[in-house]
């Protein structure tokens, strides 16, 4: 933690950038997934959005990140409809890491992380002192400083995912949205990525992530949003909301919830049908 | 199923009749009808039996051959887009024929076997490509590879034609595909290979249906996938070579016919192959007749109207 | 945990492989890729060398020195006539069309995130040719063919998008549709040729398979204008397209308007293709090979806009040269040369088990 603390950027923005939805409806084409949803992202916390497949968690995240246009209602960034703001301005406040990421062959870590600076760069300024400072800080936060000139193809899955997160960090936004940041990673790499995400909170950022695994959500999130069929059926701190009833409602499995003897986080045990 | 077959047969009869009644030559449908009923003028008889009948028969045989070849190829490549015209099989036989004509061959019977050899080569190349890792699961890559092979062979064909203007003029019309101007004699040359193809098809139709479930499954059921595949390739080559020698490389029939047949009779090749025998000629003769009516008095080569038929498929 | 403020003056983070140009106390900082610079310079030299060879080759053989003398307005009048009046336009047309095809290919591949999505493969070349042929044999005015070729390119694109449905350029569907449209347009060209008088057909024929023989000066002028604009706008779009190379969503999150980005690149690619077809016919392989070569040379860092155009120009001039000397005095149309050379490469690419469709 000490190494992380030294690289923290001074908060360039007022620490509060609020992202919320008002009567939001969203979906793909005729298939509407979310119906009039009101939701506000808790600031300076890690929020995990959980739920069964097809419950609309990725749709919600993508609509929040303006990848998907809402079919009704609004996504509000500091009280203003996100689609009324210039895209570049939004990009300075909100970064989104998509689920599917494939970088072109031969791209290096530094090449990738530099992309994060684009919302802040006018055309005549391609590598300013500030760009260098922030990219370096992002690389350091993701513990990639000594791999900056390695090609992405030649990294491990966890390192590659950390590089993508470093790009989002270099975007230097108060808000970060991550779509299943640890899918397709093994246990060690998952921990690597989640600890990086936790460290972002100490820099005053707000993080929302879609997570598949309830256990990881309970361990690494401050706030859990449980979605079912396009609606939020429960939200709150892991300890408050993670109950056998909720788990049954979400996944139709029975289980018991105990507290992790080491760190106190809720644990699901005795899972059965 | 029997009703479906009967319906298709009736439709084929109607199409053939239409092709006899309306088409090449200055004979009205009424005159043609009276010829068919045993009367009619000398001119009308000539037009009907010397111009239209061969054309209809060629269409019939070519349509059957291409429809079946398409169905076999799609089953083999396990890819609904696999089609002799798209995948370079027809282009292979066109290239072989051009090469043979350039080297001095001219007899029609020779060019049938040459065309079949060319088709076999094209077919083997494409289907071995389909067995490559990664390509087989990716339908578009296979089709693109076939299309590329096609355009390569066609470019080489045009290159060959540049050596020899005489051959070029002879071939240019044939290359674009047409069922006009063929005589019944050339049909007779095709008969042996078509019979062989039919016999072979009957022999492997059941194992082929098993192969559609996958290689492991076919082996499981006691078949030899390698042998089935080779036989099927041979059949495709015989059929496409014959069709190409008759009418030039015709595209899309092999794509559309099995598609329609599957839509009508379901996905099992044992059921829809028989339908292909009817639908192929219906489409080919229909397109030929239609194009003769639409752009009367021009007789333009068949290949041009067929792609239009494929449009709804996409 | 204690949060330490960021320490301001830090040592810079050097970017390997770039020159950093700065001015006005770092208010202006530009990055120039070293590799791309060397590659572009090498390609320019190669284009010049190939052009010199091409200008010297023919019924009157000239040495490179004689070619340059003639270009400078020195040397025997005969040489000047041969070089400037007979051959120069042909070489310039080769450079222009090659650059336009390859630039269009690079844009299209990037916007569709697929190396196979070049204008030639998805049938835009063929449609432009069909329309232009219709105009050549039908109308016969000087400016009509380029205009018609543009109309054809636009029509084909519109049709492809209408038929590909909501998926747009994403996925493979539009490539399949494009293949079909291309086949239909090719058949249409043949149909038109079989309709008209045999002399007209023979005159138009080489051009329908791609040739630098039948270029018209007006079409060439249009192409030059289009190419200048094309390179300018391509550089305007480069930043967003570069982000698009990462993923479908990254441009949006970085603040680019992805719809506008895609539409602008598509329009640019279609226009360049239409203009190039009007001059040289459908030489679609260049649109595939040019960007491939450029990417390989630049090692995939950044979008190789200039390098693609230069590689395309080089390919076109070389293919034309090859077609002229291989069976001399017979001339092989450049379209056949590129097909014979390019198809095996495309086949190899498609059949490679480790094929990556992403450019």
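Chains: A, B and C, in written order; residue numbering restarts at 1 for each.
In the analysis below, contacts are C-beta pairs under 8 Å (C-beta built on N, C-alpha and C of every residue); 3 or more make two chains touch, one makes a residue touch a chain.
As the structure is a computational prediction, the values presented were derived from the model and not from experiment.
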Chain-touch separation of subunit A and subunit B, in steps, is 2
Chains sharing the largest count of C-beta contacts are A-C
Taking mean C-alpha coords per chain and comparing to the overall C-alpha mean, nearest is chain C
Between subunit A and subunit B, the Cα-mean centres are separated in Å by 56
Whole-Å distance, C-alpha centre of subunit B to that of subunit C, is 36
Rounded to the nearest Å, the gap between Cα centres of subunit A and subunit C is 40
Subunit B contacts subunit C in the complex at 81, 86, 129, 132-135, 140-141, 143-145, 147-149, 151-152, 154-156, 158-159, 162-163, 176, 251-252, 298, 300-301, 303-304, 306-308, 310-311, 313-314
Touching subunit A in the complex, subunit C uses residues 1-6, 10, 12-13, 15-16, 18, 20, 26-31, 166, 239, 242-243, 245-250, 252-257, 299-301, 356, 358-359
Within the complex, subunit B is touched by subunit C residues 116, 121, 163, 172, 175-177, 179-180, 183-184, 187-188, 190-191, 194-195, 209, 327, 330, 332, 335-336, 339-340, 343-344, 346-347, 350-351, 353-355
Within the complex, subunit C is touched by subunit A residues 1, 5-10, 29, 62, 65-67, 86-92, 94-98, 100-108, 110-112, 114-116, 118-119, 123-129, 131-133, 135-137, 148-149, 168, 171, 202-203
